[in-house]
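Some structures are shown below for you to check.
Next come two complexes built around chain A: one with chain B, the other with chain C.
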Partner chain A sequence: MSIELIDVSKKFGSFVAVDSVSFSVNKGELLALLGPSGSGKTTILRIIAGLEKADSGSVILEGRDVTKDDPRDRGIGFVFQHYALFRHMTVFENVAFGLRVKPRKLRPNESEIRKQVMDLLSLVQLDFLAHHYPMQLSGGQRQRVALARALAIQPSILLLDEPFGSLDARVRKELRRWLRKLHDEIHVTSVFVTHDQEEALEVSDRVVITNQGRIEQIGSPEEVYFAPRTPFVFQFLGDVNLFHARELSNGELIFIPDDDSGVEKRVFVRPNQISIALNWSQKNPIPATIHYINTAGPMVKVELKDKKGNPLLAFISIEEYQQLNLKKNMNVFIGVKSHHTFENMSHF
Partner chain B sequence: MKGILKKKSILPGYGLSLGITWLYLSFIVLLPLSTLFIKVGSGSFNDFISAVFSLRAIKAYQVSFGLSFISACINSLFGFLIAWVIVRYKIPFKGFWDTLIDLPFALPTAVAGITLTWLYGPQGWIGSFLEANGIKIVFTPMGITIAMIFVSFPFAIRTIEPVLRDLDPEIEESARCLGASRWKIFQKIIFPTVLPSLLTGFTLCFARSMGEYGSVIFIAGNQPLKTEIAPLLIVMRLEEYDYYGSASIALFLLLVSFVLLFCLNFLQFWNKRYTGI
Partner chain C sequence: MMKFKKVFVYCFRISLILISLCFLLLFLVIPLFVVFFNAFSQGLPVYIGNISRKETVESILLTLKILIIVLPVNTIFGIACAWYITRYTFRGKKVLLTFLDLPFTVSPVVAGTIFIFLFSINGLLGILVEKWEVQIIFAFPGMVIATLFVTFPFVARELIPIMEEQGQEMEEAGRMLGANVWQILLKITLPNIRWALFYGMVLCAARCVGEFGAVSVVSGHIRGKTITIPLEVEILYNEYNLVGAFCVASLLCLVGLISLIFRKWIEKRDPVYLYIKTHKYGD
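What follows is the complex of A and B.
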């Protein structure tokens, strides 16, 4: 176990930022802390780094209790959202900083520093910018410098706070794939914070989903996506349609009930699990009206409204869309191919 | 020329506002200064040299430059400290202290001079105490330095303060994670970041101290060769009807100020090398 958080809590004034959170990160793992803003994910990261002191609980790194240690004694590489580069230093000096501030006995000599820094810069593919100042670099380049600087002290743990948060969409995607590749090469235990579920699911080995200072679920991207434990996780990981159906005693779900038989059930359905047909059938029993169609993209997005005026969202393939010849304001029938229900509905 | 005007005339009234700017600057700055050059130009080069580098003048420069330098050093040091305290700590009555710092900007310098002279004089609160211990302030270089410090200290604080305020806490946090001690963070991160503004503040303090007249003449005693400052010497020459002599010294001081300003601009240019603005 590389990182272990035991019952960690933190308050800012009366605001509970982190509420008795416990989880652990395996050695060499790339873990994502995913949650909406204000869910406590950055605070958790800062507590691991020692930049924030937990009110209670303990932080154990590589088997050593570091709860009371200063950040400089924890051997952690931290990459900030806004890079936090030293703007009066060149890229080279930024990366060399961690080596130059080492105590005299542990400090490598100038030629070793040179070699290590240039190695790191070629690892992040920026060796040709060594003598530029941070202001002369693009956002993606700055983020890679920040990463190289954090790696210079050979940290046992790498923490990244919204590492791609201030980059534009295309650079984000490029850089996160690159980070995944880099992690596969160097295998340093890493935790990164993000509010972007796509990013977390694509890059990480495991995901910790946080909400209001608590952990909602921990698991592999597949687990949290296909087997969400709470409605929050289900909703946070993608678009969702909510149906009020009735469940009969034989387990059958009735979406358009004729009477009050069975128990009321809230049913969560992803847009790509909704089918559209022109005529009523057992499979497509729910009448709805098409409100808006967006065909730009890999799937056709169809916005509908049911008879009560509740909005619904369906993703269908382009072939299906062309075959049905859907139009705005058309009356259609929709069905549910697969769905999710939750026993514990305390969040709703 | 026409090309430049065309290119920049996106906003209306460019020609008019530029004309007013030039006219105003010419009347307020260039014209008075050029008369100084013309006045000095009426004599020979030797006259100029003997007026500017007489023993009394050289001593006056020594007093002015030397003490201005000392006061600028002291102000830079304490300016940094005070700016640090204002930016970093929660202090009670912050607004009050903030206003107090700006007071020397607004106070007529003669008021400062007369107050300091009373305070440090043989009968003053501080002066009587120091006098009893054998330290004399009024009518000594020390008195001049105190007056200079008083009139110029806001410059140091007010140039350093915004830079300290803009210092991102994440910068220090990242240095800490990289293993830097508090001292190393100050030495390698904070100080180099603040240095350009510290130097700017130093130059401003120095220039202000050198030009200070009103408050200094009260406390200086104005003994030639000892406590006579250069601006006072200009007045003395005028009172002796030596217009040429006063103009020459004035021109010399003008050139020194110009060099100072040039250094200041160079520092700002140097600072831009990595801010990229």
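What follows is the complex of A and C.
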């Protein structure tokens, strides 16, 4: 166990940022803290780093209780959201900083520093920019400098706060694959904060999903995506259609009930689990009207409205779309291929 | 109709420019010219003679002595104050910020009087004065204290906006990399605020040299002992030595002009500083 949080809470004034959160990170793991803004994920990261003091609870790193330790004694590399590069220093000096501020006894000599810094810069593929200033670099390059700087102190733990937050979409994707690759090479225990579910699911070994200062679910990307424990997790990880159906005693779901038999159920369905047909059938019983069609992308996005005017979203393949010859304002019938229901509906 | 409107706007603009030019001329350029004109009215030798008179040299030395103490003290105070205000949240922050402006709003004469009340033999802290047998009022220490009071906001006021703007992410990054407080201060904070700090010090020094009111009250006007440059100007003027007064006054003007030149120079060196000064906080 590399990082362990036990019952950590933190308030800012009357606002509860973190509400008795406990989880642990295994050695060498890449963990994502995923949640909407204001869900406490950055505060959790800063508490692990020691930049924020928890009101209660404890932080244990590599078996050592560091709850009261200064951040500089924790051996953590931290990558800030806006990089926080020292703007008055060159890239080289930025990366060398952590080595230069070491106590004299532990400080490597100049040639050793030079070698270590240049090694790190070539690891992040920026050795050719060593003597440039941060202001002269692109966003993605700054991000990599920040990473190299954090790695210079050979941390046992690496924390990244929204590491790709302020980059444009293409660079983001490139950089997060690169980060995954880098992590597989150097294997330092890492935690990164993100609000982008795609990013979390693609890069991490495990995901911690936070909401309103609490943990909703912890698990591998597959677990949280295919077996969400709460409606919040289900909704947060992708587009959702909500149906009010009735469940009969034999477990059958009726989407268009003609009487009050059975129990009312809220049913969550992903857009790609919705089928569209031109005629009514047992499989496609729900009448709906096509409202908008967007064909740009790998799937065709069809926006519909049911008889009550509730919006629905369906993703179908291009072949299916062409075969059905769907048009705006067409009346169609839709069906549900697979769905999710939750016992605990306290959030709704 | 359109044409008339255009002409009107044009005239309006021209008259505004003219008014400001007249104002500048009347209240800034002419007085400055008068000072230097009168100072040199009897030629350079007389000017040098006036400047190098024993009393004048003594007043210059005393002013410099005060400056040497006040400038470092207020620089350190300013950095500490700006650091505390921008890096911590605490109760009474607004009150502290208001108090910081006190020397700007309180008349220096009042400040001087306060110190007389505090440190004279019958004053609130008079017992201490008696006990330690140091003369504070009508002596060098009193003048230092009065000048300290009058000039303490300058450095902090320059630093607070720029430190607020920069935030503390860089300092936090330094902490995470293992730097201690002094390393953060010397290697991260100070290099990033150096131009604002320098300008704050220039302003502080200019005010320190030119301070009249508070120092005048506590000095007691003892010739050769408690006379600073501005007090020397007053004395010479009261003695009807107009040329002498203007000669010494020209020194003060020079200090003012040099600090303005410094400012322009700093703004050229640090565009970020200029940006913050003009866009975010006005000035």
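In the analysis below, the second predicted complex is superposed on the first by the 348 of 348 C-alpha atoms of A that agree within 3 Å, B and C clash if a C-alpha of one lies under 4 Å from a C-alpha of the other, contacts with A are read in each partner's own complex, and residues count from 1 in each chain.
What we mean here is this: contacts are C-beta pairs under 8 Å (C-beta built on N, C-alpha and C of every residue); 3 or more make two chains touch, one makes a residue touch a chain.
This structure is a prediction, so every number in the text was calculated from the model and none was measured.
After superposition on chain A, the partners chain B and chain C are seen to clash.
Applying the stated contact rule after C-alpha superposition, one finds that A:Y133 touches chain B and leaves chain C untouched. Touching more residues of chain A than its counterpart among chain B and chain C is B.
Looking at the shared chain after the overlay, A:K337 reaches neither chain B nor chain C.
In the superposition on chain A, A:K115 makes contact with neither chain B nor chain C.
When the shared chain is aligned, chain B and chain C each come close enough to touch A:F78.
Judged by the touch definition given at the top, the superposed model places A:K27 against neither chain B nor chain C. Of the two partner chains, neither chain B nor chain C is touched by A:K328. After superposition on chain A, the chain B segment that clashes with chain C is 148-156; the remaining candidates among 4-12, 40-48 or 148-156 show no clashing C-alpha atoms. Shared interface residues of chain A, touching chain B in one complex and chain C in the other, are 49, 51, 70-72, 76-78, 80, 82, 84, 86-88, 97-98, 101-102, 149-150, 152-153. Interface residues of chain A facing chain C in the complex, by the touch rule stated above, are 49, 51, 70-72, 76-78, 80, 82, 84-88, 97-98, 101-102, 149-150, 152-153. Here chain C touches chain A in the complex through residues 169-170, 172-180, 183, 187-188, 191-192, going by the rule given at the top. Those residues of chain A that touch chain B in the complex are listed here as 49, 51, 70-72, 74, 76-78, 80, 82, 84, 86-88, 97-98, 100-102, 133-136, 146, 149-150, 152-153. Residues of chain B touching chain A in their complex: 168, 170-171, 173-181, 184, 188-189, 192-193, 273-276.
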